[in-house]
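What follows is subunit A paired twice: with subunit B in the first complex and subunit C in the second.
Up next, the complex of A and B:
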């Protein structure tokens, strides 16, 4: 009886079995595949959003600021990547064709610099479709059934496990990732995550200052909302923050994620001082502005709103209110103002 | 009007028949041909395999002591591993390192072929029942019961052997 119901449920166009959470997450993933969508209730706000709504990673304003802070060091962006040696191809183009080719190269560069999404961690799947006690002892191994229909997005695919105890349940996220890699393999993704992502080996990579390689590999191997992805990213960002190696990720597409992580944990002092040391005052201002947007209830945000501050005043207000190392920032601001007056005079 | 007159070729006669049946079907079911895909009336097209049908079955592949099955839609009379119409999935009977037997189904195409009148074989029906796509096959339940009984028997025998050993000691 129960089996018949389960059979009918699955066989009736599989897409019509709607799981509320699945559907929302799946639709948001599938409709806007390249850009991430803001999932409500992320942990970064965590305050009453009655009057002032804290800003999410995916908002246009935030993305704009992060893109500006990331900077555009062409030498670093177009750094030679290890590739197979191919002989160069020469083509004869007219002026208009040359402009088109340059335009295409520009869009390609923008794609390369596209920030990977920061999504809330995915909740474990615990749906049981059917319990058949009469099948107990049928087999000692599990049966895993995957739907290979071509035109469904991977998030909506049915992957179902029949346990030896007879329960028919949906596969967990790790099982899903593994099976999707079996039947729909992605380039360079392994079935079992490589030993590089263990803590000891990560420390070795950090010692060699290869944070960007770690993060790029992590992007390839794991899904953006998986626990492993978040863990590796958290470890990388902690190491960078501890040793002040912010410049390693500057002008790469990974910088935005680093900045967002620091902002949500309210530890932007190190990054601010680093920026001021390298004379990137405008970036520092946008950073503080972003901090105020993300934490609208904090002292600096409220004061800045009261005084309608902008520019260096923002930095001063931040240094007064929230900063844990105000001395350095105030010194740096003073020096900057002195140099400005000197250069203008 | 065919060019060859009354003694038209077999193909033309068959094509005419299929057309007439389609028209009748459409009239009865009021199907709009533009939106509906072509309906494979497989029993009619099997004029060479008279009395045959399309089967959804397991085709064996792999190597010695390492079977691997492809779930395949093929004509009934074809050889087991021979030419098939379409592959609809796979089944690996040996469990992997995670103790899983991997089965894949292209449900969209299976629905299509079932709609055209294909017959699934017993093992395929069992797998589909375990997947939840079909109702559970009665033999699956029977086999589970038989296995439980035989395990209970072997356990009893082991217990009796142990008792005898203890009695000897």
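Up next, the complex of A and C:
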């Protein structure tokens, strides 16, 4: 707690220093930016088509980087959960058995940190299978026919609706979700979304810093490609980014989604500065590398490709080209380099 | 049990009243009998069940009217920060100093059904009914948390807290609503996304081509005519079901 306050005070002091420096160095900055934007014309067009293809969330490279950035804090991942209390079990282990147990804990933690998928929004189902004028006015209610065979995936299950006007159509996504919950109920999922996902209640939750609880409930309640899922996630990420509360989701399965959202909307400055504050320089480098992969046509990506940069140089290039708050990042890099040289000397 | 005894006791008294009224009408002029008899019949048909229903409604109103008179009926959570509350309960939960009265060493496994019947409170009411200002509301989170274990997250049994069954039900519903609103943290299951296909390419959720125009010569599916059974298998099955085949 005191350490955090000290850290925040330091950052505030640093920012005030930076602002003064930035005002003085404004002209030199603009000169540097001009040199950055002059770069793109040099690369060949043939290689452009291959290298400038932006990566997707599901790519192995992206997943690898995100897993590394997420980190592994065993205390946070295996936090004691409120459940029925049982007396504790003690075991005596040899050294090899202890290593094995630690290894098992690591694999279990990796399973628990597996990221939920980021998918494009699902297109609405609007298909009429048959129009039977004969059945018009037969009943005032709609009839829903669901295929309840056990061993088929839910996305291959046929659910059709017979309207009172006689049309036989495929059920919409919301109807599908509701009926699948009726016939194949999932734990803790409600038929109607709980009032927690309304704006006012979400704000209360954000005020109490319970973003992880909101997102976990969202994962339980909604399908990953539904509109509601995306809306709740977007609101949560916006609130985190506005208040700089990145550490709430660090070392949880939800961090990857947050990072991807920020990268897609090109707003990684806050996260970068937060990482540098917490001395996670390698994570910061991976983040900038991922940004370059996701936006291969951006200035920093092209510059980095030209100079074949890696490590701290990547960060410097990013700070020069794309960053909205370059001063803080440069200062942090300087401090890191100084400490490195001091420790080596 | 007590209600049925009471109804049995009431019945002869009603019959007596009826007989009295009939006697009175017999004494008076016969013309007036008809209008006089209808209230008699109404009394006779005034069964004990109807009386009990009315009294139970009155009971609910009785309980709610007691809490409605409280100063904190609009904002029940304010009471838990007031001086009155702190003086009475301090930092302990509301049910800490309550002790049930029962015969023998082992208490009955259910607490009493309700503390307030027909507007009258019983002796030794439960921790919620004895204090007019303690109102069970889903937004009154600090009160609800007193009835949830901080270690397991389960709601305490009424035999432990001493609340009557009616208040326990109301407490359970309030806690559930609070959990749905996100005011009380819940333990959620881990959602596994491995092995799920989100491509949405199957005909059930994607666009399927319309059926081909009807040509009676062509079979519906292209493979309808071309599949032929294995002859050995066919012979084997025919041999097994020989007696059933024509």
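The rule is short, and it goes like this: the second predicted complex is superposed on the first by the 274 of 345 C-alpha atoms of A that agree within 3 Å, B and C clash if a C-alpha of one lies under 4 Å from a C-alpha of the other, contacts with A are read in each partner's own complex, and residues count from 1 in each chain.
Criterion: a contact is a pair of C-beta atoms (placed from the backbone, for glycine too) under 8 Å apart; a residue touches a chain by one contact, two chains touch by 3 or more.
Quantities reported herein were computed from a predicted structural model and do not represent experimental measurements.
Using the contact criterion defined above for the overlaid structures, shared-chain residue A:276 touches neither subunit B nor subunit C, since it reaches no partner.
With both structures placed on the common chain, the touch criterion links A:149 to subunit B but leaves subunit C unconnected.
Judged by the touch definition given at the top, the superposed model places A:214 against subunit C, while subunit B stays out of reach. By the touch criterion stated above, A:141 is placed in contact with subunit B alone, subunit C being left untouched. Of the two partner chains, subunit B is the only one touched by A:162; subunit C is not. Shared-chain residue A:132: touches subunit B; no touch with subunit C. Residues 158 of subunit A lie in contact with subunit B in one complex and with subunit C in the other.
Residues 81-85, 112, 114, 116-117, 119, 122-123, 125, 127, 153, 155-159, 170, 173, 176, 187-188, 190, 194-196, 201, 204-205, 210, 213-214, 216-217, 219-220, 224-225 of subunit A are the ones touching subunit C in the complex.
The part of subunit A that touches subunit B in the complex is made up of residues 3-4, 6-7, 9-11, 14, 129-130, 132, 134-151, 158, 160-162, 168, 179, 182-183.
On subunit B, the positions that touch subunit A within their shared complex are 89, 95, 98-109, 111, 127, 129-136, 140-141, 143-145, 147-148, 151. Against subunit A, in their complex, subunit C makes its touches with residues 151-154, 180-183, 185-191, 193-194, 196-198, 200, 202-205, 207-208.
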